[in-house]
Amino acid sequence: MLRVNNIDVYYGEVQALWEVSLQVSEGEYVALLGANGAGKTTTLNTISGLLRPKKGNIEFLGQDLSHVPAYKTAEMGIAHVPEARRLFPEMTVEENLIMGSLPKRAKEKRKESMDWIFTLFPRLKERRHQEAGTLSGGEQQMLAIGRGLMLRPKLLMLDEPSLGLAPFLVDEVFKIIKKINEEGITILLVEQNVMHALNSCTKAYILESGRITLQGRGKDLLSNEHVREAYLGI
Amino acid sequence: MSYFEVKNLVKRFGGLVAVNNISFSVEKGEIFGLIGPNGSGKTTIFNCINRYYSPTGGKIYFKGKRIDKLPTYEICRLGIGRTFQVVKPLRRMTALENVMSGAFLKTSDVAKARDRALEVLDFCGLFRYRHFPAKGLTIADKKRLEIARALATEPELLLLDEVAAGLNPRETEAAMEIIQKIRSSGVTILIVEHVMKVIMGISDRIMAINFGKEIARGTPQEIVNNEEVIKAYLGESYAQGK
Amino acid sequence: MLKKFWFLSIIIVIAIILPLIVQSSYYRHIFILILIWGALGVAWNLLGGYTGQVSFGHAAFFGVGAYGAGLLAFHLHISPWWGMIVGPVAAVIVSIPIGLICFRLRGPYFALAMLAVGEICRLVFTQWVSLTNGAMGILTLTTFSSKLPYYYIGLAILSFSVYTVYRLMNSRAGYYFVSIREDQDAAESLGIPTTKYKMYSLIPSAFFSGLAGAFYMNYMNYIEPSVVFSLPDVSIMIILVVILGGVATLWGPVVGAIIFVVLSELLRSSLGPAHLLVFGVIVCLVIMYMPNGIMGEVDRIKKLLQRKGARIGSEIT
Amino acid sequence: MSLFWQTLICGLLLGGVYALIAIGMTLIMGVMKIINLAHGALVMIGMYITYVCFHYWGIDPYIAIFISMPALFFLGCLIQKYSINVLIGKESILPENQVLLTVGIMLVLTETMRLIFGSDYKSVHTSYTGTSFFIGDVSVSIPMAISFVIAMVFTYALHIFLTKTDIGRSIRATAQDKEAAILMGVNTNKITIVTFGLGSALAAAGGTLLVPIYYLFPDIGHAFVAKSFIITILGGMGSTMGALFGGLTLGIAESFGATYISMELKDVVGFVIFIIVLLFLPGGFKSLTKR
């Protein structure tokens, strides 16, 4: 479904990614792991078109994304839930959700999608007329995921959904992601929280300093000593 | 009283408590590390120390003097230098001019400042880039430039904020070397770092925080084996599995 | 270094003998306008270009300088030439509270606050009729019948301002000014008291703006608030002069003044009423395609020709 | 006492039209993060279009709004697309170069009008010019009242547009977080163009509504840029509701300044409020509601 082929990405003159490749198949739950600054967010931003690779290319559903402007990737069915949530703080919960369903295909199902999201996250229904900026961290994360789902995406990319959440909320977020995946939505997850991610994903890639250093099934990587090393440096 | 001391530091942003009652002290000549997952409040502590932010509560002492009400530049004049996690090079100035801007703290003479800056650039391995505009440097060199600029102010206490983030292994090694060299020159160091290899390798003592609160404190060995720390970094189940 | 010395010497010689060769009083008038705009540009460039504190209200200092000279003659019947001292000093005195208030703001907010300061000055000088004679302005007598003395006084003022800026920019203060422009937070954390140094940049800037204003009064022998405090014709034009020539370069404002005055005169004589329109179009094109001005582009072209990107040398001036 | 009410009503009515103009500016400021110094010139062009409509074709100023608004919408889109957007991503030493570009645009617009119409003052005399009605012993100018009502209708319509339509929401989203808006599928480049067009159209509407009340001349724009700033700063950047309150506040403050201090110093009152708010209430009135 998604193929990232040997991309090199630069910020100005500074290289951030070196020949990164990854594949995500229909219905999969893929995790992209790595320490802070390893290039995970850069990878996602390149997929959704916010950054352009200097070398290599990205294909989505067989179509080359090289010349597709960033705003069109949403139309093609890629929902990107960005790092730090990036909600529209002065819009209500409902308006934020509506913003997630601008492309035509999603707009037709707007009402239906919203009901679905309110069953997934009952908290959001209670707060539907509240401004997003006034929500708690956990609620904001749920709203961010909900906003992504409003697109009725084929691929849902989540950037550090556990960031800044208390442990019990982290558990909940991962349960919901699993559930979304079980409903047939393909997931590409970026995480620092290795254990949670490896436990639930089907396939994982480990990024270190802008390069993919390990890949494999989640369960296999769990026992790999290198993972621990990459994180704790022991 | 300790050389440098933070007492009951609190920083709130609206309803969010970013730093929640943190206390620690640093002794002269040591390297003290601060670790914690993303968003745990480490950089906020730094920003409170050099008063980039005003702390909501608590006190900070340096050499017996209370500094938490002083303006940023005054704190630097007292001998506390810092680097920024998100590098702030003076973009259109050359590397040399960047470092000279720091060196002018101790002298108003241009020639002396230039000599001092060249010395520091050499120390940090940036000598050959001295005439490059700062905006054109690689991220690794920009991080070094941050250190060089802070060093040029001849600090007694240096706050290093994630100097290794985004560097490749070779660059990380080089950064560690520089930090060790700085310490041998007699500068006390307070370091925030995400790359564990760095902080474990060079710190004398480490404090780990999560959600703005202290979760552990001790030598690198103690920290690595601390259950709370492993939990914070790798997740609940990992800690139980080990 | 030697090349630079010769270049500078030649320019000085040309500047000195030029009005002796060109006898036309119209051309001499143009030269004097260039000198006034040059001095204003150099003054603005110190604060706006080097220190990065873009001011939309420099007319305040120009106008206060001009009125400093004019009011001496108007009320006390003293020669307005004494205003060459009183004017700039008055501008500096006015600049201190303005700076202390407005430097609490950053970026566009500062620019706007300065705009408001300029407009407040214009309105106050227009309305305070008992002091300023209001919109009727102030008229004095001509001192010299020839333009020659004015030219040399103007040249002296411009040289003085360029030299002062040159000295400042090659001292600690200069490095601090540019540091503040490039990143105020980084500057603070390097121990630079940024507000203090912004004041150090504002005060000479106000001084030379006031000096230019006082000279303008003496040269034109007539001022009124809507002219010397004008937002579009003074405050904004100064910025355009600097942009045309080259922001944050020593000679940029002078080059800008030459282009600005010559261009305006050429357009005025050739296009008549449309000259301001064409001027506006040129301004837009310059900002869009040459945002760092002529001198900025010259540097870039030089660099391209030399192909020695690495060896730029430490020249912040 | 009746002087007080007279002053208040006068200020309120004028303030409503100011608000409409300032909302146009605050929209542009919110989305593009720039101060549009050409805004007053856009108001001025709106006024001249109305003048032409009345003078040559006998169209009533309040009808002419349907000509001036679309015309300025189109002009605004062109300005954004072919000049301001060209600067995006260009590096220059002065961070304000987009603002300076709007100065250049202001010059071009003003001088174009001067070339066509000359510098002299023009005015439009309709059958209702100078008429008024009374509430108690307070006289209310009929054209001012009509202008106020229309301005409020437009403000309300804009509010509905911004909150109930996808384009309106996209404009707000772009102002709040541009990158996130792109991820939602918003073509932000197009949004900036539409926003500048919309802001210009509102400026034109404000200009048209002022024609029955004011004189017009090419330099009248300067006064409106200044007023719009003050209002925007009062209300908080990018806030339409803030701009409405800011506009009414400025109108009333000017009116009281004129009555109780001096007619000539009424503009100083505005600037003084501006600096005070800038210093002590950096977020404008909007920040007060956040406590």
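Should a chain be cited, it is by its letter among A, B, C and D, assigned in written order, with residues numbered from 1 in that chain.
Operating definition for what follows: contacts are C-beta pairs under 8 Å (C-beta built on N, C-alpha and C of every residue); 3 or more make two chains touch, one makes a residue touch a chain.
These numbers come from a predicted model, not from an experiment.
Ranking every chain by how far its Cα centroid lies from the centroid of subunit C, the top place goes to A.
No other pair of chains shares as many C-beta contacts as C-D. Computed from the mean C-alpha positions, the centre of subunit C lies at a distance of 32 Å from the centre of subunit D.
The centroid of the Cα atoms in subunit A and the matching centroid in subunit C are 53 Å apart.
Distance between chain centres (mean CA atoms), subunit B to subunit C: 42 Å. Distance between subunit B and subunit D, defined via averaged C-alpha coordinates, is recorded as 48 Å.
Touching two or more other chains at once are residues 92 of subunit B. With touch defined as above, subunit C holds no residue shared between interfaces to two or more other chains.
A list of each chain pair in contact follows: A-B, A-D, B-C, C-D.
Taken in their complex, subunit C has these residues touching subunit B: 170-172, 175-176, 178-179, 182-183, 185-194, 310-314, 316. On the side of subunit C, the complex with subunit D involves touching residues 48-49, 52, 54, 101, 104-105, 107-109, 111-113, 115-117, 119-120, 123-124, 126-127, 181, 231-232, 236, 239-240, 243, 247-248, 273-274, 276-277, 279-281, 283-284, 287-288, 291-292, 296. Those residues of subunit D lying in contact with subunit A across their complex are 163, 166, 169-170, 172-173, 176-177, 179-188.
Touching subunit D in their complex are the following residues of subunit A: 48, 50, 69-75, 79-80, 82, 86-91, 95, 98-100, 102-103, 107, 147, 151.
On the subunit B side of its complex with subunit A, the touching residues are 16, 37-39, 135-136, 138-139, 162, 165-169, 194-198, 200-201, 211, 224, 230-231, 233-238.
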